[in-house]
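Letters are used for the chains, namely A, B, C and D, taken in the order the chains are written, and counting of residues starts over at 1 for each.
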Amino acid sequence: MRATPLTSIASLAAVALLATGCGQGLLGGGDGGDTAKTNEPIVLGMLIPQSGSEAAIGPYMSNAAQLAVDEINAKGGVLGRKLQLKTADDACDAQSAAAGANKLVTEGVDVSVGGYCSGATLPTLPIFGKANIPMIIPAANSQELVDQKLKHVFLINGTGTQQAAAAEKWMTKQGAKSVALMHDNTSYSKDIALRTQTLLDAPGGADTALIEAVTPKESDYSANITNVLAKKPDFVYWTGYFQEGGLIARQLRQAGYKGSIMVGDGSVSPKLVEIAGPEAAEGVYATMTQTPDTLEGAEGWIEAYKKKFGAEPGPYSNQAYDAVRLAAEAVGKAGGTDGAKVIAALEAIDGFQMFSGPLKFTPEHTLSNGGFQILVVKDGKIILQDSLK
Amino acid sequence: MTTLLSVSDLRLSFGGLLAIDGLTFSVNEAEVVSVIGPNGAGKTSAFNCVTGFYRPTAGQIMLRGRSLRGLRPSAVAALGVARTFQNLRLFGELSVLDNVRAGAHLWLRQNVLDALLHTPRYRRSERECTEQAHHWLDFVGLRGDRYGEARHLPYGEQRRVEIARALARRPDLLLLDEPAAGLNHGEKTELLDLIRRIQALGVAIVLIEHDMGLVMEVSERVVVLNFGKEIADGRPEDVRRDPAVIEAYLGSDTHA
Amino acid sequence: MTRVPDTTPEGAPEDTVRSTAADTAESTGGSATAGAARAAAPDEATGEAVNETTNEAAGPARKTAEVRRRGAGRPPTRASRLLQNRWAGLAGLLVALLAPFVNATPYALSVMTSAAIFVMLAAGLNIVVGYCGLLDLGYVAFFAVGAYTSGVLATRLDLPLVATVPAVIVVTVVAGIVIGAPTLRLRSDYLAIVTLGFGEIIRITANNLDVTGGPSGIYGIPGLAGSPVAFYYLTVVVVALAVLGAARLGRSRIGRAWRFVREDEDAAEAMGVHTYRVKLAAYIAGAVWGGLAGVLFAAHLSAISPGSFTFLQSALVLMAVVLGGMGSIPGVVIGAIVISILPEILRDLADYRFFLFGVLLIAVMLLRPQGLWPARSKEVP
Amino acid sequence: MTQLIWNGLFVGSFYALVALGYSMVYGIIKLLNFAHGDLYMLGAFAGFAILGAVGGVSSSMALPVLLAVLVVTMAVTGLAGVALERIAYRPLRRAPRLSLLITAVGASFALEYGMRAAAGADPRVYPLRLGGSSLEVAGARLTVAQLVLVGVAVVLMIGLNLLVTRTREGRAMRAIALDPTTSSLMGIDVNAVISRTFFIGSALAGAAGVMAGAYYGKIDFLMGFLIGLKAFTAAVIGGIGNIPGTMLGGLVLGLLESFGTFWLGGEWRDVFAFGVLILFLTVRPTGLLGERVTERV
């Protein structure tokens, strides 16, 4: 009887150890180095939320990345080698992310093309860094990611500053006087809101009436909306995601709000229109990098995506797609998967065509041009309103 | 004979209901005093007042000249009062020994660092604690398994453990709440002997008991309560003859 | 405090007194083997001094007392003594120390380090829930307080992480008092919700304040050891000491007092246990354990954010304690390992990962309702 | 001001509906049913599936159709609750109380991620929505849909209260809550009563799920988690196990959130709500309507 628990520890430990492979102990051969992998596929690793509160986002990104991988492989791959995508769940949680990143490192990933939640992406930076793996981060874009000036970290999402600038420009152009900023208290969303506030509070133009934080994943935002409406704004800018964005747009209209509504790039999804309902969504503006819808020559992309996955692409689908393409480009230019060479190739890239426009990294490794435009919901479709050129 | 415990004009009310209405009695060192009365007379409430579980509405409770009113039960215990409960309150899922070790809580000399580092002092005090526990279990004559869980002992044995636990506290005053309830004849005889042996240790005992035979046998004095009021206080043979007591209580009791 | 009697009360039957004295004499002298066994394994079950082998030499009076003492109890077998917690503990430690020789990939090390930290959390919560019976649904608050305290101090003041440990201990003790003092008088259900509330308050506050880095948290926290392997070993040693410490507390005066409170607060009070202080002590001990685990966590991940300190985390730690067996140190360690490693083992199932995790939890509990390795109150004489 | 109160009451009535199941289950078997919020989620998805099966409905028929869906969904989630109790809770009734917590969390994971596997991680949108016109009452803007939903919630709660206080069934439930052993000695079929309690509690959660789906429109597999937490909180505020207290607790929590948002802003709302709750419980440790438990010494 007493032996049962003992055996259970032993077997559990054994399972835990064996589950991750053998011959990789301290006395074993180590990770084998980078020798002669010329015929093996180039492995791209992608950390995305597949469980937890942000689980809805993961598939948008992994699907689009897979689409890019398949397209490139169909054209013969890179340097004669195929691409292979490995995803890992970060659950938008630091600890899961660290485990996931280490798993990808262990599995021999050559370039990381994931990263969605800033809080979960931060702890993965040193993990990939130590393994000399370049990171092309498609979605997470908080300033902290580049503050450490790590050589291997590249952001290809527009930054909060760029998005805020676009938002401010459009609101001023629309003659807004009093703006309510709503965010969901995550780093991404709060960052855009605060940066927009800074721009608005500069002399002239519109002013910030209030900043209102909501709790994500709830259904009823009437209390927040009451706060917003009490300040009688003529422009409401929501910087969070579409789940809440749709509800907020709907509940704003239900509460009798007549002014303009604008949403950030995390809210640009057909689901936004669905959740808000066609009437409430009509006329909602969005700040967004160029999307397949608005980019010439990319009409086929959405079709291809839909055909493959039976669903519309969502937030960060295009960035994830671009991250894979960019990784392939850089590996091709570098002539191999050596980390330092790929990083150098990424830094040297100039004019690579992405959804957000031609790419050139700033010294900080962010986009030199966010390429933000203004979209609008018209007849239930999200279309280009103003390219802000 | 010096007075150990003196309770004067104790009153306790729950809402509007007077549970104790002016109770006065005292207990001398090493004396056995019984508190008797019909069910609901306020006996256990009085115990709870003395031991700090209830806050009396009025009155004084002094132990060796020190007021016990307003003290929490553990503070009362620290002053040398131990008790048992009417419905056994053993730590059922702990071993019998651990139950009795609880009595050692107040005098055990060890601190957290001793425990973390297993200092000689820790070992010594643990050893002493265990020896004391065995000693008191021997003293109350426990026959059952003392290493197993307390709840697995037969009822009578659990009663003994509870008394051993209280004794391990090394009290000056021991309050026993119906210790004979549910015991068979033989066990009652042993209890009688046990009470006498406890008294011989110099411990004063206050006993709540329905078994008049036991009460008359061991008590030096008897206090009678009825409806929260004290109706008699005196030597057993005097109380037995008190007309008020006979009417209120003994008159209806076949033991009398 | 008038007097705390300290001598064997007079008038006790003579033979009992004598036998007690004999016990003392023999067990202090002890047989060589018994003494050695005690010295070799300091974390033995109860600090039990009465050793059965020493009784052989006793006179007839002692013999009868011994028979009476043992009573209906089954004499312990050699096997059951061999499998006492200390051996299991050593075996577990050995497995933990040898594991990197089997697999030292970054992934395995990361998972095992996380598991070890989780073990420490569970050992801390076990003090509160397992020993003292206080249902705490916000335990992760202390974890967060520890992680943030060390993280903020280390990054803002450029301190090495070790130097923040005293501050972490002070802050978590204060947090334990602040959270515990007003709430420990509450009944268990209310205590549960209040602790849950405090857990949420701490997380939201960390999310809203600037000093804690807001929603993205703190990054660039220095590590405690150079390589992941070194850090893993450091973690294992610290966690092993923490587990041993929790076990020793559990077997001491205060540990027994915790269990008395858990079993019956009134009876404990009547025995002179100041239940409120004892509960607060459990709370503070749990807080310190959680806080120190937080330091390891911060060092392990180098970046912390409010997302790591959600209610779900509290629930998971609680699950580790209950799954293993409340109040049982080996149980809690196993429970923590299962809860932290199982999702990693199931990682490749992707979409079905947490579904299966849930189903397995139910299945395990149905098979072993008392926990994987329940606490036992039966003492080994 | 009236708007704040109305907002709080409306949200609070959802909390109350979900909290009732929590409270009943807790009252009767002392189980923190972590999976309860997921029954709310299950209800929302069941309603979604039924509406999808029914096909297009004209908006004039929306209300009667939704009511019919509500009733069917209540039956479905009620049965799911019964099944949950049978599989995950009943076998453990004699185990330590917290063992049930494990199976409850396990069931919660299984329901959430089972639904994720079945319906995907993407949020779904109800095909039929309660929109409707809004009207001004005493300075507060409210919609007809809101009034209807609050009406339904009130009817359900009154019905439940009548059931518990006036019927044999209710007496049996209260008896088991007080003392299951004695109740079974008195001839009460404890298992059957517990099953029915789960049925009723789960059905109410399912009803709340459908109502949330029809009103807010968006449903997803994790939607039950937060509301489960809040329902638990509401149940405790009200005095857990106490039905009118629980209803009151839900409304109070809704009001606390509404006013907390107004006074301190959305980011401090939960801090405010929990802070008030903690202060309140330290002053009145038995909840709003909970009985003062006299010490039994």
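Going forward, a residue touches a chain if its C-beta (ideal position, glycine included) is under 8 Å from a C-beta of that chain, and two chains touch if they have at least 3 such contacts.
Owing to the predicted nature of the structure, the values given are computational and were not obtained by experimental measurement.
Note: the chain lying farthest from chain B is A, by mean C-alpha position.
Interface comparison, C-D versus B-C: the pair with the greater number of contacting C-beta pairs is B-C. If you average the CA atoms of chain A and of chain B, the two centres end up 71 Å from each other.
In whole angstrom, the spacing between the mean C-alpha positions of chain A and chain D is 35. Touching two or more other chains at once are residues 207-208, 266, 351, 353-354 of chain C. Residue positions of chain A with contacts to 2 or more other chains are 50-51, 185. Shared contact sites, meaning residues of chain D that touch two or more other chains, fall at 113, 116, 267, 270, 295, 297. In the complex of the two chains, the chain C residues touching chain A come out as 79-80, 83, 88, 91-92, 95-96, 99-112, 114-115, 207-208, 213-217, 219-220, 229, 297, 300-308, 330-331, 334, 337-338, 341, 344-345, 347, 350-351, 353-354, 372-373. By the touch rule above, chain D contacts chain C in their complex via residues 26, 32, 34, 87-88, 91-92, 94-96, 98-99, 101-103, 105-114, 116-117, 229, 232-233, 236, 240, 267-268, 270-271, 274-275, 277-278, 281-282, 285-287, 293, 295, 297. Those residues of chain A that touch chain D in the shared complex are 50-51, 53, 55-56, 58-59, 185, 212-215, 217-220, 222-224, 226-227, 243, 246-247, 250, 254-256, 271, 274-275, 277, 311, 314. On the chain C side of its complex with chain B, the touching residues are 1-6, 8-13, 16-17, 19-20, 23-24, 27-28, 42, 46-50, 65, 68-73, 245, 248-249, 251-257, 259-260, 263-264, 266-276, 377-381. Taken together, the chain B residues at the contact with chain C in this complex read 51-53, 64, 66, 72-75, 77-80, 82-83, 85, 89-95, 97-98, 101-103, 105-108, 110, 112, 114-116, 118, 122-123, 125-132, 134-135, 137-139, 142-149, 165-166, 169-170, 172, 197, 200-203.
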